[in-house]
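In what comes next, chain A is part of two complexes: it sits with chain B in the first one and with chain C in the second one.
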Partner chain A sequence: MSVIQQGVSIVQRALRAVGSHDGWLAGLLLMAGWLALPSLGIAAEGTTAGPTEYRDIPYVGSRNLVWIVAQLHLLLAGFVLGVPMFAWLCEVIAWRGGEKRYDKLAKEFTKLLTSAYSTTALFGGILLFLLVAFYPKLMNYLTDVFFPSFLLYCFLFLLETATLYLYWYGWDAMQDGRKKTLHVFLGFLLNFFALFIMIIPNAWATFQSSPVVIADGTAFERAWAATWNPTWWPINIHRLIANVVLGGYICGAYAGVRYLSVKSPEEREHYDWMGYVGNFIGVFGLLALPFAGYWLMREIYQYNQQMGITLMGGFLSWLFILQAMLIGVLFLGSNYYFWLGITYRIPGSEGKYRRAMLMMLVSLLLCLAVWMTPHSLVASIEEAQKMGGAHHPLLGVLGVMSAKMTVSNLMILITFMSFVMYWRAGKQDTAGWAKLAKAVMGAVLVLASIAVIVLGVWGYFVPAIVRINYFSTSQVLIVIFVILTITPLTALLLKSAKTTTEMVWGSMPPRAGYSLVLNAIMVILLMTLMGYARSSSRVHWHVYGVMRDTSPYAYSPALGSASFIMAFCTFSFCLIVAFIFWVATMGDKYKAAPGPGKGELPHGIPAMAGGAPEERSQR
Partner chain B sequence: MSEVAQLQLIALSIIGIGILILLFIKAVFVRVTGFVAIVLGLFALMSLAVPQLASLPPAEEKIDIANIKTPTDIAAIGQTVFFSKGQCALCHSIGPSESARCPDLKGIGAKLSKDFLFESLTDPQAFVYKDYRHGGVPKDYPATMPAINKDPIGLSKNEILAIIAFLQQMSGEPISVSTSELDIPGKAPSAPVKAAQAALVADAHTN
Partner chain C sequence: MGALGKPIILMVAMYAFLKFGLPNIPGSAPLPSSLIFLYLLLTAGGIFMFKTLSGESKDAFWDPIRRFLTGENIGGLQALRYGVFILFPLLVGWQTYGSTAVSDLPPTESRTIHPAPPGEYTGLSNPVPKTPENIMQGKGFYAAYCSPCHGGNFDGKGPAARGFIPAPANFADPTTIAMLQESYLFWRIKKGGVGLPIEGAPWKSAMPRWEVELPDEWIWKIILGEYDGAHQSPRTWE
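Here is the complex of A and B:
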């Protein structure tokens, strides 16, 4: 920082010196001084004795710049890894089920991949340059530890790129028979390589939080030990599911925006349906995400109690109240979209399900209120005396993990039931065993809810270790049991069910589009929030307990100021994704427009815009 | 105007712009942008409404040996380290707490000897003291005590002795840490405090 001050004072001295001359000269000098500030900042650190440990830039600060670029890269990477999963799933549904619209949807999203992939790589490259420039000591250390995995990462990138080109550019050419099977296999390979592209950098990041350092052994052995650190797999699974959620909700948001802007009934139907698919896939992943998050936190606690407590009970504890708020809004938004679907897409169902929807809404709000209840309140001395301590006599009871785990499991159950309700709406069971099946499903749901609540209340009366190891795990297993029991039973019932009301696509009100956008924003904000949490949980360490952060930025900012960077990253990411969608669909709009220009398409649409396969098929 | 108030003003302005866009602009993309601005502004406001805690790197406790005259002076330094660099209060309570992840430290200085305490802090798994006060099965805690003379906490010998002095003082015990045990900067460190002998451990266990 002193370097920046030094730079500023140089410019000020120069300004005073030329104060008597014309204004233009002062302006020129001021401009030159301002432009030279970064170089002063960067160069000065390098002139000190010994190897350079840190560099900085004025105004923004090296840490903030790395934070923003890393977060954008991570969000783009999540998008780029989530979309192929989403697209491949749709392609497989179309391939096995014969529904062509799923294939069209898969293709529409794969079209985004080439431009999204290059944008992600671009941000990855910028991040790498910034890290090497600003944190040479840390990067040197990480390179020493992970050098073999760097090579593997590069190799995987080559494989992923080649597979992506084959998958996208071969879409139309590989539509029939065995060629389609080959294409589906290419989609699988794309996701397979993408998985490894995700988990290798995860090893670098998780190593910083839970390092495993061995002094002996070959470079490969040291890299492998560092890779297989305690939080590596929990993060891998958590991010894998989160990417599916991100991909689904971004698809939903895109469909929501298009739905709001298109005019023709066909397009409204198409984007309404796309919004439904996106929301469904997002919810599908969302139901599993808290379990993965719970596993990750358990591993963090087992690896290092202090880190766990810093996160959940230390200075980051209020962050989890914000997280609860964002997840709560996401659950509410997803359920609301299901309820809008029941009301507007399935005429006549509103009356049948109105009461259930109201009860679900009230239950969700109550659960959210409990989840957002802080354990310790900020109170004046007088208030604390009245309460009898820092914990409110009633709210203090609701603010503990036993209550929070209970309500989060109940919210998952409610959301799952919203989906089942939507699934069943407009259909009449015809199977002879339908009554029995419905009784079993009802009993499973009621008993499971009671069991979750009983375990939650019981959790207050047992030692924390019993609650964490047995009660919370049992609650999770009960919810998984409900999902695994009711889903196949409902699917079997609906196989023979009679459709009483046909689904009417394109009849949703505009607020449905906005709710899809809201869900996507919540997921992105959650990712930025948890990025801050994971980085801050290392407190003043680059590599926890191994390499201390000795830079002027070895502190974690308070949530208020950090939220502005999170909001900025979220907004920037949305703009980048909007740009990618715009570029990728530019060719479609051009083709759809009547006029002589259509014939010139092969030359007019860049490959990045996703025009190539259609062009080939036209020829 | 405080920094929080300034940030609140910015967040409110962002929300205001979003509302104006929704009220007066017809273009769908711009309207969606306005909606996103409102959501992000509300998020920032919410983040500013919770307590603003920053995490600063721990300040190195300067133990000026020349200014330490009595064991009480050592205990005063120990109290500071206990609640700051040592991070003891992150897990331990002083007084009973059912939700505590780790044992209550009230009266610990009277219950355990200095050597035993030193070993418990630097080699916590050497002898795990089970809590028999409640009767029945000893209470297990989910947390595992880290060796606090190692990173990431990394307390020096002087800081550990100061914490022991604080624990003894808090328990109403005479402080058995003397100023002569402290390492003087620049001088070769004295022999490390001996690990607790088996007899001492057994003695502490049965007390």
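Here is the complex of A and C:
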């Protein structure tokens, strides 16, 4: 407007200057000035508005759309990075141990990768378009910082895609001798590239939370400084383990669904076994996940007190109670599956282990009760008056990290012992030193549990830094020590053990299948919950402390509305994964169907993702 | 009803313990209903899991429920069955009404006790050296300005404490100031209840805004005195 006013005053001055001359000249000038006014207005719009910072879409809102697409992309990425690890591990077990069923399992899951990979890339592309369209200023800034890593990322994508094609389409062709070695190496390369494909975008995301900005230096130096930010490696490790957990539990859920639907005994056996393997891998990752999460939170707290408090003590702290609930259900579900396995797969074991299972269940529930007890309780005004505030005078002590760390370590120990119990069930020790070994294992377990509890209680009476740096770390080391001591001892014992009851696969009840599905849903919900927590911890910043969010969405959504989006993302992801499984196994069902079918079609089954190798092998 | 007897007794016993037993332990207080519900849910979940571990225990657990609901061979329990069919929907309706009807009671609150401090207060270190003199001086200031509410023993039980809901913070409790950095206390003392950010809603703090009466140096000294008097240490990263 000021430019328009300036223009008007110029015209007025001109009018005054020519006021003494002929009227036609004045009229001409007046007309020229009037005609010039719109052009001044247009110029003013151009100069004051500047480049577009944000765009929006009606009804859904740009933030919600980006949130959903980003979350789905992340979940799919977790899936396509977790499954190759899982598949490669199974292939290596089959390669070294000679058990062909592991190779079949690995192949069955690799089959999913081609369609899953393209779906992930598709969501990645949609996310990129949405980010560029909705947040041009932010994307421009991030491109300035990370341009060299964008190029590297693209290059890695090419390598990963080529390796995946070779790995999958070469499966049958590379089955024997040196070719198999090459195939296993390709599987390693696939995971190697996948690791870097994960950690490069992690740098972009963690930079937004804990930026390291240097003004000087080359583009590469600035990108490297921004990449190596304080939360980069904690996130890398946390996500790497979480991907293993996701891959394992989704494998379990797939097996669970198939187990519930198949009819033939052979298929029931196969999917029962697959469910066991999936649950085992999920639990294997789950045991390490709380340690990685604790390290991440510690780094966040140390990086910025404000962000740490927002997450752990501020308005996001309720998310961690929800998190405890979900992790608790996951631990319970995984143990329940182990216990069902003992009861149903190893006939006659129930009576022997029922008491132990009860003790473990009660211990898990007690631990979970502690983990889920908030520091500040949800209470009515009357209840708060009776308690003398929001903290319960007796149970309030359970609401802080010392208690939470203690019970999470104990739950890990219990779950590990559940697995050991399952491992030992149906076998009788024959080694002469078995009694001594069992006494040592029992003593290690009891002493470790006592030590974890003592450190947890002691943690209340020492400065926070002593608790965080020494006590919590010691608790973790104690648990790792137990796992590393008991696992080889049990393996040695079982080497010479006599099998008294053979494992009967395919005899699990339907609820075992449902528990596998429940576990997978818990993991997905957990990832959506923590995705919200990580993103919301930046509060009103795009890049924490560097670039402020000035859009109308610069507020943290309430937990209720956030839960809606989380549930929507979980549901959508389950649908997408179900679609991928359906597409990938379409060919199998067709081939398995008796009677005429394939032969009637001139070109066999359509070339669905994953169908090619079998197709080729049958020709 | 044999296999159902134990679970029912266990649930009732757990409820009785949480409602009447635990609050009567010395130093305890009644539990809010949200916590009781949480613990009962865990108990019920545990019972369900244990009872369904084997085919026999599952059948022994479910069969009486199934028979009761279908009315199959339950003899004299028919009247009770109809009673449950009538009462259960009424109970659900009453619960729904109770949770949605307009009430004159204030809503249940999930107050954020420790909202995040503003950026300018993060990472500040205490500029006052931790010397015996400064600590003594801090305790003196504490006695004058803070102890009426937070107590001479730093336990939140000062003479004026009874007038406040929620009660003033108990610094001797290892879950309060021991969890926080000194800069956090500096912000809370300086800005008081009125300085709480949006996430601190519903802003239930009667803490005065001490910056209008005390210089910064005194506040830092009070912090030294508080930690020393409560036998706690601030959170640090070294």
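Some notes on this structure:
Basically, the second predicted complex is superposed on the first by the 551 of 619 C-alpha atoms of A that agree within 3 Å, B and C clash if a C-alpha of one lies under 4 Å from a C-alpha of the other, contacts with A are read in each partner's own complex, and residues count from 1 in each chain.
Going forward, contacts are C-beta pairs under 8 Å (C-beta built on N, C-alpha and C of every residue); 3 or more make two chains touch, one makes a residue touch a chain.
In this text the structure is predicted, and so the values were computed from the model without any measurement.
Upon superposition of the two complexes on chain A, a steric clash is found between chain B and chain C.
Of the two partner chains placed around the shared chain by superposition, neither chain B nor chain C is touched by A:V457. In the superposition on chain A, contact of A:L128 is made with neither chain B nor chain C. When the two structures are aligned on the shared chain, A:T373 is found in touch with chain C, with no touch to chain B. Once the two complexes are overlaid on the shared chain, A:G545 sits against chain B and chain C alike.
Applying the stated contact rule after C-alpha superposition, one finds that A:L322 touches chain B and leaves chain C untouched. Within the superposed three-chain model, A:Q305 lies in touch with chain B and with chain C [touch as defined at top]. Looking at the shared chain after the overlay, A:Y514 reaches chain B, while chain C stays out of its contact range. Of the two partner chains placed by superposition, only chain B is touched by A:L525; chain C is not. In the superposition on chain A, A:A567 makes contact with chain B only, while chain C stays out of contact range. Chain A uses residues 304-306, 309-310, 313-315, 318, 378, 400, 463-465, 539, 545, 556 to touch chain B in one structure and chain C in the other. Per the touch definition, chain B reaches chain A in the complex via residues 3-4, 7, 10, 28-29, 31-32, 35-37, 39-41, 43-44, 46-48, 50-58, 87, 90-91, 99-102, 139-144, 146, 150-153. By the touch criterion stated above, chain A contacts chain C in their complex at residues 302, 304-307, 309-310, 313-315, 317-318, 332, 336, 339-340, 343-344, 350, 354, 357-358, 361-362, 365, 368-369, 372-373, 375-397, 399-400, 460-465, 509, 511, 539, 545, 556. Those residues of chain C whose C-beta lies close enough to touch chain A in the complex are 22, 25, 27-35, 38-39, 42-43, 45-46, 49-50, 52-55, 58, 105-106, 108-119, 122-123, 165-167, 173-175, 178-179, 181, 183-184, 199, 233-238.
For chain A in complex with chain B, the touching residues are 257, 260-261, 301, 304-306, 309-310, 313-316, 318, 321-322, 325-326, 378, 400, 463-465, 468-469, 514, 517-518, 521, 525, 536, 539-541, 544-546, 549, 554-564, 566-567, 570-571, 574, 578.
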